[in-house]
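Each of the two complexes below includes chain A, the first together with chain B, the second together with chain C.
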Partner chain A sequence: MKKFLNGPWVLILPTIIVLTCVVFLPLLISLWTSFTPFKLTKPDTLYRFVGFRNYERLIGDYDFWVAFGRTVLFLTIALNLELVFGLGIALLINKITYAQKTLRTLMMFPMMFSPILVGFQWKYIFNDNIGLLNNFLREFGVINPIPWLVDATLANISIMAAEIWSSTSVFAILLLAGLMGIPKDPIEAAKVDGCNSWQVFKNITLPFLMPFIFIAMTIRSLDVARAYDIVQMMTGGGPAKRTELLWTLISRTGYVDAKMGMANAMSYISIFLSIAFTFFFFYKLMEARKILSYD
Partner chain B sequence: MLRLFLSLILAVSFFGSFSAKAETELWGDYSGVTLRVKLIGGGQYEGLYNEVIPWWEENTGGKIEIVTQKNHFELDKEIKKDIASGNLDFCVASNHTSFAAQYGSIYTDLNDIMPASVLADYTPLILDHSTVDGRLVQMPRHSDVSSLYYQKSLYEDADNKANFKAEYGYELTPPDTWDQVKDQSIFFSNPPDFYGTQYVGKEEAIAGRFYELVVANGGALFDEDYRPIFNSDAGVESLEWFIDLYNAKAVPEGVLNYLWDDTGLGFASGTIAMNLDWAGWAAFFNDPENSKVAGDIGLIRAPMGSGGLRTGWSGSHTFSMTETCPNKDAAASFLWALTSNKAQMIEARAGLSPTRPAIWDAIIAEKEAEGDEFMLMVFETFKQSLSLDAFTPPLIPEWIEFTNVLYPELQAAILGDKTPQEALETASKKATEIMEDAGYF
Partner chain C sequence: MTKKQINNILIWIGAIFLILLIMTPGLWVVITAFRPQVDIMAKPAVWIPRNLSFNQFETMLFGGSEGSMGRSPVPVLSYLRNSLIISIVSTSVAVFIGTLGGYAFARHEFKGKNSYFFLIMLTRAIPGISLSLPIFILFSKLGIIDTHFGIIIVFVALNVPFTIWLTDGFFRQIPRAMSEVAMTDGCTRLQAFWHIELPLSKSGIASAGIFAFLISWNEFALVSNLARSTDSKTLTVGLMDFTSQFTINWPGMCALAVFIIIPALILTFMVQKHLVSGLTFGGVKG
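Right, the complex of A and B next:
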């Protein structure tokens, strides 16, 4: 006992206790509920074990897998577009010598809005009847209103536009930090050796930026995989489930239908999605660091 | 009960310019008592609290602590979480007849708490709708049913009359059937500037509209054992009504994302000919500052379906008392105050439909005395709708869960992703699973 009290365990004990209470215990409880028919309105159902019934139902649930696939697609497209736009903004701001600090602050404005507010404002912009966009297009002769939030493709694009507007600055800020940290010597040497701008970007700037890109990708992949507020505000996953993502489905199942056991089973399956994306980006991050000989 | 006394005073109450019949009051001395309450929020609901809470506090010495004030769907989620966590540390909460059955036995049976003379002041049918498994779990605040608002000038226009008769073969008058609503909507529509009608297009809202049309068309959602039977001729006919209007562009294209505010504001914008809506919008529609159709509004009972019945999906906003409330006498007094003659008159003046017969008489008398023809028409029409046409959805805990499997299928059919039969078949299978899980059969 004395040996234990003097050992390293004592030092990490507070961390273990906090992690157990805040992370492991809730995870275990939610895992348990996924094996029960737990309904929020019937607390007794928490103690009824039904084995893998929720998971078995989900395996055959076409709607769930469509939402799963759509979430993967949404993640992939949104992350890549955010990367492209964020990188572009970061490169432009990095070139500026006047009012750079002001622009950096302005760039962060979208991040300051709550996702619910972002959802409301974009819902209004894309409203087919009174929306800003359709009224703007009307000035240019587009008489028939475009059903932005009804058509399957347009609705998903509209939601993606809101998500990208809201979060591209995360990429831009992280990549700008990376750009500012790149040593000038290799770039100047390359220019002296006759490299053009594209060659400098491709062979020097981009490899230096890759660790930052993958860190940003990891952070944002977890954010987007939890995308809920914006989608809920703009379409609620509809119409006809055309914009249903995992978290609108899970939220409705858990809190509106009160079927928390089923919702947690959905969550545990969808966690694999987050783990897969995180693992992939971390793997790429390690590779990028190796190239730069950080490790 | 031991610490405080409950006084039952029979008194004649005078409120402003009207005199209601004798009301049983439920005052008491609740000095030192604080009631924690969770209330529905929003512009149309909060005026009541601003007047009744100070009134109750002044008369009883008690205090009201509002723990939560949010829209009903958010409040519903919060209460479900409270049930799951066993944290029911409040006394009074807003409720609704369509939602109440979900909450199990967390709310007190008010038959045991409220004196019979108090209950006698409410419309008996509404108290029946407020009863779950034989337990009166809520005191009714105001009732909802929809009637059909329309732009009068459209029906007075000579060209419209002549053209409509030439095209459809019958006179253009405010519609008495839903088929006529469809004809007239298509006739009036001139998208994207003007639409014949609109409907709420998602969640419980469209499921409820579909439900009432199925009933009006002679069908039903469930049989006696709660087996789904809406995949029927009446179900298909009802769904086709929504589809036909959508395909004819007689409703705005984004209608499937619309909820109640969207349809209300749409009618007020002057771009909609007919709008099925509740009484709460009436004053707003007729206010020139908010509405382009002010002064040009007609109102009739909801039209009939092919089964000869009028649509009349109805429910009541209510207040409930938790079983865990430490001072039920004080909570009962507050529930009475929130639904008293005074409270209902406040809401009736805003256009809401009272749940006490005395207030119907009082508000109609008041509007007659004021010469307010429009509001008089509103109250007389909604009084008829509530007494002749209203019916509730199935008052079962699974109602909301059921609507969540039904509405995406209705939307899929309206958008043409599925045929009406395919959509209703899928919804029926999912509904059967819900009812089986709930142990109905």
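Right, the complex of A and C next:
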């Protein structure tokens, strides 16, 4: 008993209990449900086992794969642009000596916004009738309002803009922290030896920043599903499912169509997708940390 | 002008453009919250507000004045109460549980430590909407759907991993020798923790708490499906009440948005220093 009280497990036990109740146990229920034709309107169907029928149907479901593909494409483009913009912003602020702290604080502004608020403010800006953007364009002679959230392509771009606005600052702030920690000597030495700025950036700055890029990516990959809030608010997956992401599809299938069995099968696939993202970046992070040996 | 001066000017132009891009959407929402409906709908657009009104906030908080829109259709005060209760209680519990866990990971060596740490972090990677489905089924069976209790335990689980991540980093910054001395003097591990490490990491734990509060305050995907009525709906979910199939009450939504953002704004400014060092495992000077 004394050994237990002095050991780590007594401290971790509450965490295990909570996570078991709210995460692991529900995940088991979710797994079971995905093998049933459970519908909220017919409670008995929760106990009917149908094997892989839901998954088989999903494999042949065109709408599902479109949403799946769009989600992967959306995340790939969004994360890459966020990284590039974040790096650009970090480099820019790093160059500024006057009021640098104030600027950094201002950069954090989007991080305070709940994703649902991000969705709302951009829905308001992109509104074709009274939105800021169309009002602004009208001043420059664009009389016909542009249907930002009605046209399929434009709607996807608009959502992407909102997503990038809300998450770029995570990259900017963390990469800035990395930039500030870079020792000055190697950079000075390289310049004396005749390296140009691009060579300095590529060979000194970027390798040093790598762990910070992976920290940012890991943190970001933990909440990619925030995009659900934004899409739900801005378009609800419309027009005609053209902005449907995996998560809005799950929500519609489960809660609107009440097909819980099918929704759980979908959500298992989405969970694996998220975990794969996180796993990849966390692995990279651990490797990078070993190299810089922060521990 | 020298080349350096031109460079400086370019950098500042970039910075100002950036600030505009970051601030405009939020500021526009704030301004709209104080404008009369006529101005919002006006064409061509009215850029400089002609008069400001607090009507939206009055309607929201006190049910509106005579002759205006009548009683507020959205029970914002109930939502505010729910938001506060749920966020504060879940934060307190999550910080307590998470600090213990963070301490275990920072100070104890045990088999498979990194794997357990990773597993706990991984629970955060599960999309809220995916997790909400089985929780919805489970809570319906248990009869705790649409209650504070149900949402609070979900939020605790949501916040514990992140609290462990942060506090683990803060405890690592405290030299081990301090508690080791206390333990050779006869303290148990828990006593050493209570008297030495806990007071030293107070500010770190406080900022972990503020993070947890912000995550709870801002959460939407889970609550929107677990909360069904004014009994447990929070402010973020209430925002959807202003939209119906064909109409959107823009000024009302803007007013509520201002309401949601102000506490988040204040709290984030309070923890911004810890934000960077916490997220980078305390490995960097902020």
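One rule holds in what follows: the second predicted complex is superposed on the first by the 243 of 295 C-alpha atoms of A that agree within 3 Å, B and C clash if a C-alpha of one lies under 4 Å from a C-alpha of the other, contacts with A are read in each partner's own complex, and residues count from 1 in each chain.
Operating definition for what follows: contacts are C-beta pairs under 8 Å (C-beta built on N, C-alpha and C of every residue); 3 or more make two chains touch, one makes a residue touch a chain.
Quick caveat, the model's predicted, so the values are computed rather than measured.
Of the two partners chain B and chain C, more chain A residues are in touch with C.
Contacts of A:Pro207 after superposition on the shared chain: neither chain B nor chain C is touched. Of the two partner chains, chain B and chain C are each touched by A:Met260.
Within the superposed three-chain model, A:Pro186 lies out of touch with both chain B and chain C [touch as defined at top].
Of the two partner chains, chain B is the only one touched by A:Lys42; chain C is not. Legend: residue contacts after superposition of the two complexes on their common chain; A:Ser274 is shown touching chain C, with no touch to chain B. Common to the chain B and chain C interfaces on chain A are residues 130, 255, 260.
Looking at the complex, you find that chain B touches chain A at residues 73, 76-77, 80-81, 83-84, 86, 102-104, 191-192, 201-203, 252-254, 256-257, 266, 269, 271, 397, 400-401, 404, 407-409, 411-412, 414-415, 417, 437.
Contact residues of chain C toward chain A in the complex are 11-12, 14-15, 18-19, 21-26, 28-29, 32, 40-41, 43-45, 96-98, 100-101, 103-105, 107-108, 110, 114, 116, 118, 120-131, 133-138, 153-154, 156-158, 160-161, 164, 188-190, 214, 217-221, 225, 236, 239-240, 250, 253-254, 257, 260-261, 264-265, 268-269, 272, 275-277, 279-281, 283-286. Residue ranges of chain A in contact with chain B, taken from their complex: 37, 40-43, 123, 127-130, 143-145, 147-150, 235-236, 238-242, 252, 255-260. Residue ranges on chain A touching chain C, taken from their complex, read 5-9, 11-12, 14-15, 18-19, 21-23, 25-27, 29-30, 33, 38, 46, 89, 92-93, 95-96, 103, 105-117, 120-122, 124-125, 130, 132, 135-136, 138-139, 165, 169, 173-174, 177-178, 180-181, 212, 215, 219, 221-226, 228-229, 232-233, 247, 250-251, 254-255, 260, 263-264, 267-268, 270-271, 274-275, 277-279, 282, 286, 289, 294.
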